[in-house]
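Think of it as A, B, C and D in the order they're written, each chain with its own count starting at 1.
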Amino acid sequence: MRFLLDAEQRAFTGSLHAMLSAAGTPAVIRDWSRGDPARGRALWSRIAEAGVFGLAVPEDHGGLGRHPVELALAFVELGRHAVPGPLVETVAAAVLLQDLPSAKRFLPGLVAGTDLATVATPLGHALTTTPAPTEPAPDTGPPPTAPTRDPDPARPRLAADTAAARYLAPGPDRAPGTDPAAPQLALDADAATLRLVLTADGLRVATAAAGPPRRSLDPARRLTPLTPDGELLTPDPPRERALTWARLAIAAQALGVGLALLDRTVAYVRQRTQFGVPIGSFQAVRHRLADARTALEFARPLVLGAAVSPRPADVAAAKLMACEAAYTTARAALQLHGAIGYTAEYDLSLWLTKARALRTAWGTPEECREAVLDDALKGHDAPRRPAGPVGEAGP
Amino acid sequence: MRFLLDAEQRAFTGSLHAMLSAAGTPAVIRDWSRGDPARGRALWSRIAEAGVFGLAVPEDHGGLGRHPVELALAFVELGRHAVPGPLVETVAAAVLLQDLPSAKRFLPGLVAGTDLATVATPLGHALTTTPAPTEPAPDTGPPPTAPTRDPDPARPRLAADTAAARYLAPGPDRAPGTDPAAPQLALDADAATLRLVLTADGLRVATAAAGPPRRSLDPARRLTPLTPDGELLTPDPPRERALTWARLAIAAQALGVGLALLDRTVAYVRQRTQFGVPIGSFQAVRHRLADARTALEFARPLVLGAAVSPRPADVAAAKLMACEAAYTTARAALQLHGAIGYTAEYDLSLWLTKARALRTAWGTPEECREAVLDDALKGHDAPRRPAGPVGEAGP
Amino acid sequence: MPAVDLSHSRADEEFRAEARAWLAAHVPRTPLPSLETAEGFAAHRAWEAELAADRWSVVSWPKRYGGRDAGLLRWLVFEEEYWAAGAPGRVGQNGISLLAPTLFDHGTQEQRARVLPPMATGEAVWAQAWSEPEAGSDLASLTSRAVRTDGGWLLRGQKTWSSRAAFADRAFGLFRSDPDAPKPHQGLTYLMFDLRAPGVTVRPIGRLDGKPAFAELFLDDVFVPDEDVIGEPGRGWRIAMSTAGDERGLTLRSPGRFLASAHRLVALWRARGCPEHARARVADAVVGARAYQLFTYAAASRSLEGEELGPESSTNKVFWSELDLALHETALDLLGPEGERADTDWSEGYVFSLAGPLYAGTNEIQRDIIAERLLGLPKGRR
Amino acid sequence: MPAVDLSHSRADEEFRAEARAWLAAHVPRTPLPSLETAEGFAAHRAWEAELAADRWSVVSWPKRYGGRDAGLLRWLVFEEEYWAAGAPGRVGQNGISLLAPTLFDHGTQEQRARVLPPMATGEAVWAQAWSEPEAGSDLASLTSRAVRTDGGWLLRGQKTWSSRAAFADRAFGLFRSDPDAPKPHQGLTYLMFDLRAPGVTVRPIGRLDGKPAFAELFLDDVFVPDEDVIGEPGRGWRIAMSTAGDERGLTLRSPGRFLASAHRLVALWRARGCPEHARARVADAVVGARAYQLFTYAAASRSLEGEELGPESSTNKVFWSELDLALHETALDLLGPEGERADTDWSEGYVFSLAGPLYAGTNEIQRDIIAERLLGLPKGRR
């Protein structure tokens, strides 16, 4: 038991942070939002050079082996700098593809950063129309270290598997009011070089974007319709494992977004004055930021813990709490900046809007809670004693 | 349209407030909590003399006619002074009894304050075991003034009726884990002189308390078991109308509790100093009390509005919001008083504990929300246009 | 005994029926484009003209300026019907609810006759020009100047967060005319000016979703004739603060808006299959909108009997802004992943609602006012 | 590469298994009466003795005082097992987690040998005596005196909110020994005294549910021999503040408690038919307890490598106190009208959880500390 980063890990995140700081991401993001991915692609290459995408790919496909902890650390930095592009989707694609015979066609390009992949996600609830499987989804692969939470390693992991399977294969009755025939939206499919769609019959390629991007509340997220008009890569993709990795990555990304929002807001309230004093000296401001700090401070170990042992329920918990903490921080950041924070031209907006968008990407809060509770209930023995007082010390 | 009290109403509440202030209710409450109702009974008589119970009783039974507005105003004052006893239950009893042939046996004593009534309420979900009726429950009687909210007076009022009927006749499957054979608990049945129980077969008398009181988190509420061992008064009591009046009374009472908690806390933080200044000068304290004030300020018109036109859904909304505002205020009051507020001997505790208990008496928040939404859905035409931007002015 | 009466008079109900019938016949069947775009601004301006043609644009004004002499209660009735009908947002709102009351109280007969009729028809759309880059919630620290010149004043300086200014015609605001006045609240003058006058540069500012909902105004010796000064020069602060202050607290956001929003939220909830996770929040939105309506009726009743409302408008502001935001957050949560899309009416409303706690005095300022003026707590250093 | 490791060592897992087995055999089958009653206090004292008989009462202490020399991680494992087993509350907690670490750091060998063994067995139960009526969150303003006398000190004054004091044996706290010290933090002395000594009057105080969870102490020239002074006279503030400050932030409330509470909450939710209205809050309690566990493991790992934790204990305090309260409010809501009953374990836990945000430094104070020391915000006038 040593729940601390080592020197190598700190050096890795430090160098990523330095590289991204020097890259001046706000200008890159604004280009990307306008549909000009040139600078974004260049930055993407540098991120790939740093090894980020290789952390989700086995060594025999040119990757570094699966390293969810380092991947999560990297995504915290990507979120902290609001890097645009289908980052999470590229990780999900790497996981979806890596057991295929054709994996070597795709994975080296993803690892090298010459290819960007996207996957049609359940935006619009139109991912697939197959009913939820009743059997457990494929295993997530052996966790890098033994899980510690569950004293009974033989306990079946059906619960979260089922919730996850439901998520990636929503039934037609799942989201009333949506159009099952609507084209599936994928993040940045216009810029991606590899476009995947999860369909009822498996995993397919889309040869091109099926239309112009729809606007997201986060302008850097270009939601682009895809039609699965290409090759069927496999009838049985590892949906659940891909979901787990995607949620882990997005949880880390959201944490990074929240940390950046907090840092920027702390800096702002220290220098902004009203009524003759820095607004950071007002107790209402101080306490609101203290609450944001607390929320982020407790989301962080959940993210890292989920990376150490990526059980679906733990990953869902991390996704839930990191996204909620980031959104809480975004609301505080907007309120404490006032009108300037409400403007698109002020860079804060690049993080504010992302915090909102990530909350529902790859699983809404309710879907994550469902995974958590399915697991808690399935793993639930009757309490060893019906009840007992919990607290006694103090006050 | 004149949503304002008149001079007579103000004088009524003013004189009630003055009488209750002079009565020194904290000592009365402490006696009552210990099982000594003598001073409580004396105060009860004075409340009856002021005409409070007559406001729920028709004139031909010695009452003043049904005046829900004045009744609500009176209950705000009773809550403000944390008057103990089965106040709400006596109102509910008066409503349950007033259409019976035997009404004149009971009502004059309730109006005069010589009798205190209690009704076994769904504490422990053991009120009755009859399934919910599928037909509308009896009418609530003509509202004193025409309702203004619903432009279509012909709209059926089934929705909330049904929710209310469910509430007063919970089915056996409604609360898993509870014992349907448990004795029914009634507030202050030990002190009451008229004990009623709503059973599957109607409204019955209980001849005596069936055991010693169970402790409530509010020591002034003595939850006493009753067995319906006496006369069957009617097979078809007006359950719903009684529920509506009880919820209106308890909403008003909770509002009064909240207002008193706010007043006491404002007074405390003005005189209590820490770090050399009154704690009421700290912004965190000021803002928390401002939020409590806002919550109470908006609960007040809901309570008064529900009294003007006691539709079940409006009464449920008032009960919900008044109780939530009172609890919010109680939490703020406890936090801002610190340890002293946490002690039973400090009078604040008499209001703090009542705010918690009233939240679930005569309908939990969820049950009230259900009544609100049943009504909103039933009354719901498709919007005249599917959607349109709501706001445009400012910022 | 029932002196408390929530029913409307027969005349008011007839007024309601007339409004409802007109709206049913005239409200566009498809939503107009966002009024924060050039195309939408023009469409909304045309809608103002359509309203005005049948005297529905400014019902509370005197008839001679295009209104119907409707009192406060009747205005509330109109708003209920207006928003329930799904009618378009009001591009003329800044002028109608902020400038017009000032002109009624402090303007000259000539100003009213000249300014109000084109405001009522949408021919002239007004922007407000209060804030400055270094004066957010602290209006007394304004530094933009009005310098005396022959027959008028020259405006110099910068205004910001000027809503509607990207596409509007004229603007109104406070300018410092006497920098030597002993206190910062003194020496300010209330002026109207043309956004297309020489010396005015309008730089649109995009809000979070990129739409130019407001603008920066750069003023370089912009000439304003004396006839466009409201009230006495140097008395602008008092004029701005006093004008119909009570009523403004009530009319900034009418209950009809939130009743309609709550109604739409219930419809959305039903369309999505009444998901349980949102039940409590949908119910709370319904209850909150009703509470806001009744609170407003109570305040209007007091106002009609001559009571001053004052700091109650601060509880009002905190309540509606939080209600509006919670309501829209609930809607986006009901939409799930689709809530991310920027091209829905709900997301437009959400972005708008995010500004509620920020503008017209931040909610932090409002809570300070509630604490000091309603609760009597000691003045803190905030 | 995986240097981050959440698995416990084999030795720690063996320790866990041993603890679990012992607890399974010894935890009373029916809950003990509330320890805030005379009967319950006695029963809990007996339980301390039973724990101590097999060296489970103070696992982190050295063996010679009755412990097992368990490190921080092993203590966390013990706590997980202890609360998961539904074992009774710890009546000795004040002494074990507050006084004992002070004695380890600042006491004499003689004091440790004399004081610790009976603390470990429950033979001596300790109350804390910090607060005074006029010094709540502001401990530096203490006024109770310690006056020098032959061979010791005479205590005079009043203490309050002394938890456990209604039934405990001894108490510890700070007293002003030098009223002329230049600063209020100076001139305080850390003392232990007997609650049955001549001159001590104990007045029990009922908490919200009436149970005497704490007491007022009136001290009228209570003699304390020099041997019961901890550290140097006049240095009490520094001793109280410094002692194992880091670790105390971690050990005030162990994650095991909240994991067990969340587990019970899920069981309650299931027993009630998994009502949808509570789903989100039940899930958030599960997630919050897990977050608190992992946060604590991270902090413990840093502490074991010699890092100072300092103000992080403030985020810790805010988080667990709000988690505990939310968890119990959810439980009462699941109980519906039955939640009103005071005679359930959930209501006992609820009343206890209400004190969380108040004691050990109110959450307002903690937020000020977070703002100043973790975020570097300017010191406000609060």
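Convention: a contact is a pair of C-beta atoms (placed from the backbone, for glycine too) under 8 Å apart; a residue touches a chain by one contact, two chains touch by 3 or more.
Quick caveat: nothing in here was measured; it's all calculated off a predicted structure.
Farthest chain from chain D (centres taken as the mean of C-alpha atoms): C. Two chain pairs, B-D and A-D, are compared here, and A-D has more C-beta pairs in contact (counted per touch definition above). Here the CA centre of chain A is 38 Å from the CA centre of chain D. Chain A and chain B have centres, each the mean of its CA atoms, that are 47 Å apart. Averaged Cα coordinates give chain C a centre that lies 53 Å from the centre of chain D. Of all residues in chain D, those touching 2 or more other chains are 161, 277, 279-280, 355, 358-359, 364, 367, 380-382, listed in ascending order. Taken residue by residue, chain B touches two or more other chains at 277, 281-285, 287, 339, 342, 365-366, 369, 395, whereas all remaining positions touch fewer. Contact residues on chain D toward chain B in their complex (touch as defined above): 131, 136-138, 160-161, 205-210, 271-273, 275, 277, 332-333, 336-343, 347, 350-351, 354-355, 357-359, 362-364, 367, 380-382. For chain A in complex with chain B, the touching residues are 282-284, 287, 339, 342, 395. Those residues of chain C that touch chain B in the complex are listed here as 1-9, 12, 16, 24, 27, 29, 31, 34-35, 44, 73, 83-91, 93-94, 97, 161, 163, 213-214, 252-253, 257, 260-261, 263-264, 266-267, 270, 274, 279-280, 282-284, 286-288, 290-295, 297-298, 300-302, 305, 312, 315, 318-319, 324, 344-346, 348-349, 352-353, 355-356, 358-360, 364, 366-368, 370-372, 374-382. Of all residues in chain A, only 121-125, 175-178, 214-219, 221, 223, 274-275, 277, 281-285, 334-335, 338-339, 342-345, 349, 352-353, 356-357, 360-361, 364-366, 369 touch chain C in the complex they form. Within the complex formed with chain C, the chain D residues making contact are 276-277, 279-280, 380-381.
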